[in-house]
Amino acid sequence: MTINWFKYASPASFYFLAGRMIPYFSIAAIIFLIVGLYIAFFSAPTDFQQGEAYRIIFVHVPAAWMSMFLYLVMAFWAGIGLAFTTRLSSMVASAIAPTGAMFAFLALWTGAWWGKPMWGTWWVWDARLTSELILFFLYIGFMSLQAAIDDPRRADKAGAVIALVGVVNVPIIYFSVQWWNTLHQGASVSLVQSPKMATAMLSGMLIMALAAWMYSIVTILIRTRLIILERERHTAWVSELKEGVLE
Amino acid sequence: MKWESMSDFFAMGGYGLYVWGSYLVAMLCIIGEIVLIRIRKRTLYKHLGLRRKSILRGEK
Amino acid sequence: MIWWIIKRDLLLAMRRRSDVLTTLFFFIRVVSLFPLGVGPEASLLRVMASGVLWVAALLASMLSLGRIFSSDYADGTLEQMLLSPVSLPALVTGKTISHWLVTGVPLVLMAPVLGIQYDLPMEALKVLTLSLLLGTPVLSLIGAIGAALTLGLRGGGVLISILVLPLYIPVLIFGAGAVEASTAGMGSGAHFSILGAFLLVSIVFSPWATAASLRISMG
Amino acid sequence: MLTAKNLECIRGEHRLFSDVSFSVNPGELMFVGGPNGSGKTSLLRLLCGLSSPDGGEICWNGTNIRELDGEYRRTMTYLGHLGGIKDDLTAIENLRISCALADCEISEDQAMDALGQIGLGGREMLPAKVLSQGQRRRVALARLLVVRSRLWILDEPLTALDVAAVELIKRILEHSLSKGGMVVMTTHQEIVMTAAAVHHLTLS
């Protein structure tokens, strides 16, 4: 039997589907978090070069990965929403932005706090940190544009355009910052390429990344449901919800 | 990786401030986002006049 | 058809000369403020010159982005453009070129004069002016997308800068970098080729994206 | 021939109208009536393709205007509330540029005599900002004399016009309708059209 995906594309059915999935993802997120933290602090060995400071990697790298990954997913859904005018995909895109921005901010903050013990200064114009900062601005741009437009349909489409233009520019920005960085400062110790990663370190990072991913799915699903309620409050099924008819 | 004592664990080889600082900020960010979503949910429910019952999560 | 739009906009600019001059004076003021803030030693100023001039040019062109479509939006001409049988991207290219002619070119012409203020050698002045000549159209082209998206929104000016600044950064890096590379003797050929690449890519894509944004904003 | 099938338009949360169907044949004029805020302007913006309907479709000679795109815009002239007149340009420049935008460029003297016909003789070289509201509306309407489109979509063209101008516009409309043109317009002043087939659409 073919699954009729479009059935799930309608906000109403997505609302309940997401409702059922949220508990499972939250449990998965908590489990991965606990395992990841255990590895981070108890099974990962001390790094002979950076001592214990490197343990910030277990938060910084997953956050950086998530901020980049979520921007791509956001641009994907925004693009789908623009191309097929499916309202749900634009709602998902708007729901992704705040979580992505949070991860970008977290990556910046932990990057700075890691830079302090390593280089003695809070902010280092390292290529990746700078591109992370610019990515953070792109998120802020997307969210402020959507906030400034009242008509939801125009907000979705305008947001989609700036997200797509942004996603085309992310690699350009990264490589120009890379070029700019090497031009001025020479190869600085990059944050991740510490000498060969012990397996425990790598697995810890991956598990923390999975925890972050599960967490993002939970927050994005919840926020999408809120946006669905906000936008569909005049539809029949939401009014049925109000009377509690829909058991 | 066996820590000799609790205080050694918190000292984190002298980098305690930075390590725990970053983890604290990470926790604050996550809790902050969850709190923001909850606030947004509450105002939306009040605005729509919905009852705050599990009905809305669509559980049986 | 593009020629009509450019002719009209230049005519309008001539009739309302203040818009042109405000952007130019903003550029001059910002550039001449820095030595007051930083101190007059020529060696320091020489190092900063390309960065300061480029950032000032970027901000000046961004200031005037709001005006590309807002006056047409207010008096209904933009509606006529959207409904004209001529392809909208062509009209938008005309608008962007006229914005560049009105704001970009004066900056390029003024840059060498201000460069002297920063005691830049002749070679660096030449490279700076050329990099601005290549870079300012890209600023107008990308900025037009932001202007189209924020049409008719309150607080549009600030919003444009939030949207467009991250996209300007590669142009800034290679524009300012070209001058530094040439003063450091490494030659700025690579920088110009990349700036040229930015220019070509944005000429191809941004009118189409701006047209789509206009349809979204007017829809 | 312009046909609309059960059009629906939602502005924000509020549904302006739905199930609006009509068709306009050559030589016909359609008045769109209804109280303020009933969506007249939105309907006209849908007809000219500025915005897309939430439901239903609009066809020109049977094909949806979305597919026709440029070709449809060649056969249609839209005149909105905002006349599309630049304050800093003179009446002549305004007219020539709006005709160029409609892709039918006109020479200096064609513009002069069009403005003369519309009753702006002697004021062609004045910048639009010194003209009165009625005169600016005439400059916008002068385009109808020159442009060769067959479908006219006019949003309250008669506002701020004096009696003579209204009479003049009536003659222009009748002339165009007699040559097989089509007009969709909204107006609050009831004007009696003699020769043309007129029908009304009222939005609740």
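Read from first to last, the chains carry the letters A, B, C and D; within each, the first residue is number 1.
Assume contacts are C-beta pairs under 8 Å (C-beta built on N, C-alpha and C of every residue); 3 or more make two chains touch, one makes a residue touch a chain.
This one's a predicted model, so the numbers in the text were calculated from it and none came from an experiment.
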Using the stated contact rule, I'd like to know whether C-D or A-B comes out ahead in C-beta pair count. A-B
How many angstrom lie between the centres of subunit B and subunit C, each centre taken as the mean Cα position? 44
Using mean CA coordinates as chain centres, what's the gap between subunit C and subunit D in Å? 37
Whole-Å gap between the CA centroids of subunit B and subunit D: 59
In whole angstrom, what separates the CA-based centres of subunit A and subunit B? 16
At which residue positions does subunit B touch at least two other chains? none
Touching two or more other chains, which residues of subunit A qualify? none
Give the pairs of chains that touch; include all such pairs. A-B, A-C, A-D, C-D
For the complex, give me every residue of subunit C touching subunit D. 1, 4, 8, 11-12, 15-16, 71, 74-77, 79-87, 91, 218-219
Can you name the residues of subunit D that touch subunit A in the complex? 12-13
Considering the complex alone, what residue numbers of subunit A touch subunit D? 150-152, 234
Which subunit C residues qualify as touching subunit A in the complex? 145-146, 149-150, 153-155, 159, 162-163, 165-167, 169-170, 173-174, 177, 180-181, 194, 205, 209, 212-213, 216-217, 219
Residues of subunit B touching subunit A in the complex: 1, 3, 9, 12-15, 18-19, 21-23, 25-26, 29-30, 32-34, 36-37, 40-41, 44, 48-51, 53, 55-60
